[in-house]
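Notes follow the structure.
Labels for the chains are A, B, C and D, by order of writing; each one numbers its residues from 1.
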Amino acid sequence: MQRFILKRLVISLFLIWVVVTLNFFLFRILPGDPVRFLFNDPRMTEEIRQRLYASFGLDKPLPVQYGLYLLNAARGELGKSFVHLEPVAKIVGEKLVNTIILVGPATLIAIILGSLLGVVMAYRRGTTTDTGILGMVLLFWATPTFWVGLLIIVAFLGVLPTSGMFAPGASYLPFSQKIGSLLSHLILPLITLSFALTGQYAMIMRNTLIDILSEDFITTAKSRGFRDHYILRRHAVPNAMLPMTTIIAINIGLIMGGAVQTETVFSWPGIGRLMYDSILTRDYPVLQGSFLVMAVCMIMANFIADILYGFFDPRVRY
Amino acid sequence: MQIGKLIKHNLSGLVGLLVLAVFVVLSFFPQMAPHDPHRMDKDKILQGPSTEHLLGTDEVGRDILSLVIYGARISLLVGFFAAGISTLIGVTIGIFSGYYDQSWGQPLMRLTDVFLAVPQLPLMLVLAAVLGADILNVIVVIGCLLWTQIARIVRSYTLTLKERPFIERCHAIGCSNARIIWLHIFPNVLPLVFANAILLVASAIYYEVTVSFLGLGDPTHISWGMMLHYAFESAAILRRAYWYILPPGICIVLTVLSFTFIGRRLDEIVNPKLRRR
Amino acid sequence: MALLSINNLSIHYRAGEGIVKAVQDVSLSLEPKQTLGLIGESGCGKSTIAMTLLRLLPSNAVVQAGAVMLENRDLLTMDAAELRQIRGARIAMVFQGAMNAFNPVRRLSSQIVEGIRLHRPEIDRTQALNKAAGLFDLVGIGAGRVHDYPHQLSGGMKQRAMIAMALSCDPELVIADEPVTALDVMIQAQIIELLKDLRRKMGLTLILITHDLSVVMEACDSVAVMYGGRLMETADIGRPFKHPYTQKLFQAFPNIEKSRDISWGIPGVPPDLIRPPQGCPFAPRCDAAFTQCRKKMPPMVALAPNHQVCCHLYLEDQL
Amino acid sequence: MKPHLMVQDLKVWFPFTDRSVKRLFGGGKKYVRAVDGISFTIHRGEIFCLVGESGCGKSTTGNAILRLVAATEGIVEYNGVDILSLPPHRFADYRPKLQKIFQDPYGSLNPRQKILDVVGEPLVIHKRVENEEDKRERVLNALEAAGLTPPALFIDKYPHQVSGGQRQRVVIAGTIALNPEFIVADEPVSMLDVSIRAGIIKLLLDMQREAGLSYLFITHDLSLAWMICNRIAVMYLGRIVEIGPPDTIIHQASHPYTRALASVIPVPDASAARRKIILEGDIPSPVDIPDGCRFYSRCYERIPECRQTAPELRECAPGHWVACNRI
């Protein structure tokens, strides 16, 4: 088991290194040098340009730059924002908390709701209930999250807050009212993001469960006189939860994609919205920093899911 | 034969085909649009549906129906080409990493792992931002990132195929590896690929729209994603201009759904026993 | 009175190309403590009958006609609640693929105990666990392994555990569907010995379904032979076979006590069950077939109290 | 007489797929010793049977002889030429002469190839045909020779359109087409129904008689081996424990394992009261094989010596070889 964990850890660290390196080279494959490209201002003097080069570390040879980059990334330093002229790590760090406030509950709701729908579909496979829910789920799947957000805004404009995380001036309010303001702002984005993810999880649960329900040990259980829903509850669903954890972990990228869209539409001050803003202002260090943080989160989530799988499945205990 | 089966047994697939046919026709003959989609009109900003403008106008007074019709082309174009690139990469990597599992298939698999470990949409945004908003770039970026799923499916199927006795027989009668891959593995993988490639078109369109909405679409072309981006950036939403938001969104959903339905039905017909992982 | 009787059972499957007539007009009966070997080649309908006995047929199967009586209750028409009280408690099943017959993520003990507790709520958990451990001793795994996970057992061990699980509620009848097919020769012998042993010790009533005639000859006291969905012959072990198919099948098994003779086998192919031949299904491959055989399905002819044959040859004898 | 095929001290070891961190850092490598030093000879026109339980290495032996898996050590001489040490392009000349028939008639045909292409493919690869017509002609002949009559009825069908026994005949037709001299038949009938088996076996025997073929016949079924072959070799855990003529192996075996195996053969005769020797437990894992006799852990006649000394194969009577310390 320890060896298994160690092995997964090595793989995760390797993946993080690859992502960091990717980030480094993305920045360097820009046509022309990045500073000229980013600050294409004819008024810029040579002296300022050199200072900019130095401040971004671009005056050194490439391997040295790469080494410095790795070193800085390891220390959590991700460069400076072009726009805010603040450390990227600080900006991203602040936003990360806000993203978690939105994504955490949304994922939880989606997993519970999606699993339930998936179980119902698999259990009633082939019936109208299955076809009906399946159609709905596919509709969920095909609908872009941001568009759902736009529709919800149009529908609830004036009824519930549709933008930001707090009402203006909320920081001066007492704590309880501040929380109230946060909750009211959370409702619509939460619905939007859960909506997007529920369909995914329902599909995954349905497919996994249908596989399991066709296995021999289910027939055996039937031949022993158990009720169908007992078999579902005690044999099929627990066995489905294992592959579910892996598949959910693999699909964390979807959660992030959904978060970017939801946060953008509802101006939720999280990493996703930060990405959108940095795209509009061409603030590349922030864009890449946000991406890096997302990728690292995803790799870590995969690592945790692998460990959980190894822990819960007796067959994997090495 | 397969098309006939599709019509006979599968209403959803048939509906998918019909809807798709409409959009394909629109993308080839956008001249059917009632107005020039580029013509702006200062006096008709964000007007609701009327007899002249059936679906109203946008924030610079363009006819929304015409914009929607012209927008079909970009989505289908990006969808098909990006899915094509993805399928090509995915099938190649899938077959080779499966067939040469013990040797250089391993690094190929690690490569797939890397791509699977990275959040797709954020990476697309970063790449598109770095490369610049251009239709070709969007195709390449989406095409180069969506192949992982198909590669995994093809790989795991190749691994099972490789263990089948008929491949062992090929070795026993002296087939070369190239012959085995091309004449024995590839034809067996093909039906699986076909259905999944169609599902990929749906994904590619979904991502194209999203990337455009998030401000990285090609501003020189009309597309559904860009329409929604402009709607979002202008005050259209605050003025509840539902006629501006609904049509492109509905078109996106219909297109994605039609590809999904066709792909799923094909998958079920061609691979009744195989379930996607 | 017979413990179980199958009366005129016909089962069809709806398939893409037509209706597969998997079982046609089969009647059988089983006394308590009897061991019946149900034998036939692939596609003869023997497994379909096994699945019918506990109503575990897939959804595309249709019971066309017939009844399956357990003492005086028809298993095919009783409601689901009553059926559940029979499954596992009065009729238990041992499946072919013991590899996957256990839930992989739960301990064997918990899976066996849950069955005992379902049918015998009065037995508490500790007693049930003791019973499971006792059964593990009985089938030769050893009580110490009762808390193992399924994947920790070898194939032969799993098959033994499967038998232990089937016995856990003291069923009146055990159905074993190809219990030794996927196993190695030596393990096969182990399991067959175990079944014989259990028969001796517990007076087990058993239906053993297999394609291997020699297994039946060793482990059973009567045999029912099926071909092309029909019952061809039922006989007590020891009586010489009379049906041409059974005779041919008997010769097809190498017998190391006799001489090396390779003149065995049956020419031709098994019948197409979607378009079964008119008359006897074996007629196209039968040396002794005559006109009547290709026209009309023969009835069952009783040659002795415990020996029946479905063949025109013997019908004539009677006339 | 010079043997047709001679196998000497053949070993096939597979690296144990233990992808642990220890191995990552260069720790000790483990091997599955699937075949661990076996020797035998097959004469021209002989049917030589390898019998054993699953995992004993019998199929691996067949595959190693055909170079379908790489042998770790050892010599396989075919007509006096060591075919294992030949470079691949030189071995290609031997490919059509050494052929294999597979166990699974359902899986050994590409479902997307017509029977014409299945049977014709080896001809195309080894450039035995000039054009499509020639190929068709040759395939028709091969199908006919394999007992698929009339061949024209089968040639344009796909494998799933014919029955299991017919599929096995198609595989055999593909083999006949190359005019092989030596065939490894790996459980060719074990997946077929009993009533179909005889036809396939007869076909194989006819081919042997008419074309003077030699067979390495691999099976788990000792009674089948006894029925058809000239000599039987019994394998246990990667080694041959006994070689002898069929009647000797069945009725007068010397090795305790062979005796046990022969005693448990089911006999379709209720009156035959035979004493069975049923071995306890399972075959041990081929990964960590202890010193001494491999059969030690399950042997019912073991002596202390067996723990340390691995017995060599010795000739105890003319043509009867046994690897046991007690003999």
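What we mean here is this: contacts are C-beta pairs under 8 Å (C-beta built on N, C-alpha and C of every residue); 3 or more make two chains touch, one makes a residue touch a chain.
This one's a predicted model, so the numbers in the text were calculated from it and none came from an experiment.
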item	value
Both-way neighbours, i.e. chains that touch chain C and touch chain B	A, D
Which of C-D and B-D has more C-beta pairs touching across its chains	C-D
Between chain D and chain A, distance of the C-alpha-averaged centres to the nearest whole Å	54
Cα-centroid distance, chain C relative to chain D, in whole angstrom	32
For chain A paired with chain C, centre-to-centre distance based on mean C-alpha positions, whole Å	54
Chain A residues counted as touching two or more neighbouring chains	none
Residues of chain D engaged with two or more neighbouring chains	none
Contacts with two or more other chains, residues of chain B listed in rising order	none
Chain C partner contacts - residues on chain A that touch it in the complex	215-217, 219-227, 234-235, 238-239, 242, 312-315
Interfacial residue positions of chain C with respect to chain A in the complex	54, 56, 84-89, 92-93, 95, 97, 99-106, 114-115, 118-119, 149, 151, 165
Interfacial residue positions of chain A with respect to chain B in the complex	11, 15, 18-19, 22, 26-27, 29-30, 138-139, 141-147, 150-151, 153-154, 157, 207, 210-211, 250, 252-253, 256-257, 260-261, 264-265, 275-276, 279-280, 282, 284, 287-288, 290-291, 294-295, 298-299, 302
Touching residues on chain B, where the partner in the complex is chain D	164-166, 168-175, 179, 184, 187-188
Interface residues, chain C side, partner chain D - complex	41-42, 154, 156-157, 184-190, 192-193, 211-215, 217-218, 237-238, 248-250, 252-257, 260-262, 264-267, 269-270, 285
